[in-house]
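Consider the two complexes below, in which chain A is the common component and chain B and chain C are the respective partners.
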Partner chain A sequence: MPGPLTPSDWLLAAPLLWLAGGVVAILVLDAFRPAARHEAGLAFLALLGAAWSLWPLAEAAGEPLEGIPGLPVRAFSGMLEASPGNAVVGLLCLGAAALAGILSLRSLCRLESGRHRTALWTLLLVAPAGMLVTLASSHFATLFLGIETLSLPLYVLSALRRTEEGSVEAGLKYFLLGAFASGFLVFGMALLYAGTGRMDPGAVTAALEGGALARAGLGFLYAGLLFKLAIAPFHLWVADVYQGAPTPITALMAAGTKAAAALALLHWAPPAGPLGSGAWALLACATLALANLTALNQENLKRILALSGVAHAGLLLFALAALQAAPGSGASVEAAVNFYLVAYGVSALAAFGALELLERRAGGHAEASALRGLGRRFPVAGGILALAVLSLAGIPGTAGFLGKYFVFAELVRSGEVGVALLGILLTLWSFAYYLRILVVLYMKDAAPAGGPPAVQDTPAAVALWVPAVLVVLLGVWPAPAHLL
Partner chain B sequence: MLAAYAPLLAWLVLVLVFVTGLLWVTDRIGRPRPATGKADTYECGMEPVGDAHRRFSVHYYLVAVLFILFDVEALFLILWALQARELGTPGLLEVGFFLAVLAVGWLHIWRRGGLEWDR
Partner chain C sequence: MIPTAHVHILAALLFGLGILGFLRQRNAIMLLMSVELMLNSANLSFLAAAREQGNVDGAMMPLFVLVVAAAEAAVGLALIIILFRKRVSLDVDLLRSLRD
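Showing the complex of A and B:
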């Protein structure tokens, strides 16, 4: 029987308790005072509390925490495991939820009756809780629980504009394909358990030496995880879902879900062995090539950014290839992945956040034709979008460049110079569609203003500076990266 | 290995023999008395009248889904009940906390009209 909770248990449970407490508080108050507008305040309080309780771990690189033996912190009999770098990525997930909330204050919150407001704020707290569990999962139970806890709220949030066809389509597509992927995941876990008798990451090692049953389970497990991370050939849902979902929610999905799924994949990655680095490198190249090819032909800026997210997820697989090629490089590869996730996360948050503001000026459209020339008319939002796009492309001086640099450096260090060169060439190819966004924003005549004039959204405009500043800060002063 | 399945096979044969036997016996010794009531569709005691394409409140589904939800949560109580003595007071507190969280959800549903299925 498990004993009382240890300090490590409390450390990893505290952020989850904050978020769950926020949900309960919102539901209770909403039950008795439906007219009062307290949801947003409570939700931000819960997110702040969660970030505050995660901070000691994020700060603790190199020095052990008081009362807790050794890093990474293992909690709940080894079912959760998190390093300081993971905690930083966890902070990114919380920040993504907060930014999605701030962006919704003047748009999604005013959609319909109060019932949807409650749904929005409670689900905005549940989703990051799922992300935190997923990125620290080191047991099948926590992995599945985390992935479901992060997915279910996002299915609903995608469909929150329920009078709009695109939003409902996004919710339904995401739900159907996501449920399918969860089925793969849990079936894989069942086969792995049947084949190896283990439910911790050791099951992967055992499966590679084991029989056909366990190997098939491994395939199913990775299919499920790669779906959540949107790796080719499981990436087809991304463009439709990201386009249809309300843009604040898209920002949360891009930054948070990707980060959680990527760290989960890294935790559950096979050790160097029979699988080899070739499989991961092949998947990475295929994902980059397919995403780049598809993005070239898109008219909708949200779709372009969605496919850029697919390409970034593909690039992350190069880190796994490096891990395979050079066993023992685990710590530095994990640091590279953590930095990459934070760099991509802040860039995606800035990009989708700025796009949301521009979209409102263009009457709710994200087509290139509707956003023509808006960069000049709205210099701040346009400038932040341009900066984020440069970072996503990987121009030196931005966080995105260093993220890519660290991943390719790992690849070169592991001896896979050819793969690294191929990856860099594929990345260069992506400049074609990133630069197109800049052309649309700045080098076209402005489109006639469509739709009703947008409401002045001061909170969103202010909050958007945070990821924008981080993009530059992490790009020119990556010292905090050593913490990861 | 296969011998372990012998009882299953015996059971299968028994079921087949019993069902076909029963049908054969009723067919031989029973006297058919056709009646309109007998020819009707059996609908759990309800009178099957009207069009099957009837519209009814979508809230009904919500109540059904909520029922399933709380039904499943109640399942966890059995696991606790089986170990209640061994778990002692801490166990009681924990299951109480679990129920309290559950009650919040129920309270919210109730207060926001989720249970008014005929609205």
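Showing the complex of A and C:
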């Protein structure tokens, strides 16, 4: 029975209350003083408040869990459950929203003389709130509400440049396919509940021992989750949506949505089932291979980076395979996944952020032909993009390398050496298209400057240093984060 | 009383109809309606299961699903209106500007 709110309820609810409070404050102030430019300030205040209230939990990351009473934190009669490592990923989601906001200050905020400002800033607060709920969900209700709360704002944000064909198309495609996937998710939940009578992650275990109804439900549930995580064969929307959406929003989707969906999948993964680790490893290899194959033929840098995100999500499934092969390894696999998500998140933020700045110099185009040689003309943005690409590829010394290393180390420890070798080979294959980005940036003659000259964007240029520094810092000194 | 299994069968049929509609229809509004059908078939299953299990967990979910479906309809129709203003057509097969 639900009792009075406990401290752990507040610990998990406080970030959500900050974000929701920010949304309400912006909307109320907008109703009374539509001319005032308060949205950005209030939104950053809410994001800072949320990060501040999440910090005590994140700070405990890396300490032995036995020493801290009440961890992992359960809240609201077990509907939410988070650990310090998850809180660090939550901080990443908040940071992604903040960076998307800063990148929008000089671009999206000025669309149609600022008419979209209220929508932009409120939705930029709602999306991370959904991510925080999703990554801590341990009940069907919170899983469903979290995923929808993060998706609905992103549908709208993708279509925010509503005068541009690509942006509207991206929003509508994302919406239609996302809603279709939600249907699978909810129907899967209904069947699981009908078959097992439970709505917590225990339903997954019970379903594996139960009848056909519950097993079918499990299939539908995973189809819905794998769509959100963009695993093959549910990855076809990613390239289109990432290409059409405004680049700051793409950065938020790449870092935040992926992290939230991956942690949700980890929470709801079966402990050890009849399918075993083979199914996850097969999905992972298929996703990596398909993403690599498609990415090699792309001209648009945003599409290449989107498919790189698909490959990274596929790599995460190796961690699930390791969990299946060695069921006792839950804590260390979760630590590896958390580090991987943070490493990929900061690399993706740096990559898409730098790409946004370069894109503006190229007249809003992200094709390889428009961006060629820009790395030499704009050394800072080009350098950060190159660094992020090296990290996504997994060059030693960057965060991306260690993220992949920890995942493959878990796989080897669980005894799946063959799968690990195959995964490493597939990763090496992906170097081809990462190298191509570097070649485009540095080895080609510069394209003639197209379009009107870009506005000087100091806030974005400064904010980009944060993920860039984190990419290097986590790559050479993972101690604070690698025990998440 | 109608047996629970019968309700599940009806729900599965409606869900299948929703999938079929989503895959076969080309009009954006019909796609939206197919998705609503899928969500509501899940609601039916939830309610039938809740009656059988005798707890309120399953009876509570349709409330959330209904609210989310309403929000989805609002966002979806807004996007469809923008599309219609640009194209004067709701055919989703015309969404082809994003490709390589």
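Here, the second predicted complex is superposed on the first by the 469 of 484 C-alpha atoms of A that agree within 3 Å, B and C clash if a C-alpha of one lies under 4 Å from a C-alpha of the other, contacts with A are read in each partner's own complex, and residues count from 1 in each chain.
Criterion: a residue touches a chain if its C-beta (ideal position, glycine included) is under 8 Å from a C-beta of that chain, and two chains touch if they have at least 3 such contacts.
From a predicted model like this one, the values you see are computed outputs, not experimental measurements.
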Combined model on chain A: chain C and chain B, fit or clash: fit
Partner chain(s) touched by A:L17 [first = chain B, second = chain C, both, neither]: neither
Which superposed partner A:A409 touches (first chain B, second chain C, both, neither): neither
First (chain B), second (chain C), both or neither touched by A:L27: first
Which of chain B and chain C A:Y155 touches, first, second, both or neither: second
Touching partner for A:C109 - first (chain B), second (chain C), both, neither: neither
Partner chain(s) touched by A:I424 [first = chain B, second = chain C, both, neither]: neither
Chain C versus chain B, contacts on chain A by residue: C
Following superposition on chain A: angle at chain A, chain B versus chain C, Cα, nearest 10°: 20
Superposed arrangement (fit on chain A Cα atoms) - minimum chain B/chain C Cα distance in Å: 5
Chain C-facing residues of chain A, complex: 140-141, 144-145, 148, 152, 155-156, 159, 162, 165-166, 168-173, 175-176, 179-180, 182-184, 186-187, 189-191, 193-194, 197, 199, 213, 239-240, 243-244, 297-300, 303
List of chain A residues in touch with chain B within their complex: 1, 4, 20, 24, 27-28, 30-32, 34, 115, 118
For the chain B and chain A complex, residues of the former touching the latter: 86-87, 90, 101, 104-105, 107-108, 110-112
Touching residues (chain side chain C, partner chain A) in the complex: 4, 8, 11, 15, 18-19, 22, 28, 31-32, 35, 38-39, 41-43, 45-46, 48-50, 52-53, 55, 57-58, 60-61, 64-65, 68, 71-72, 75-76, 78-80, 82-83, 86, 92, 95, 97-100
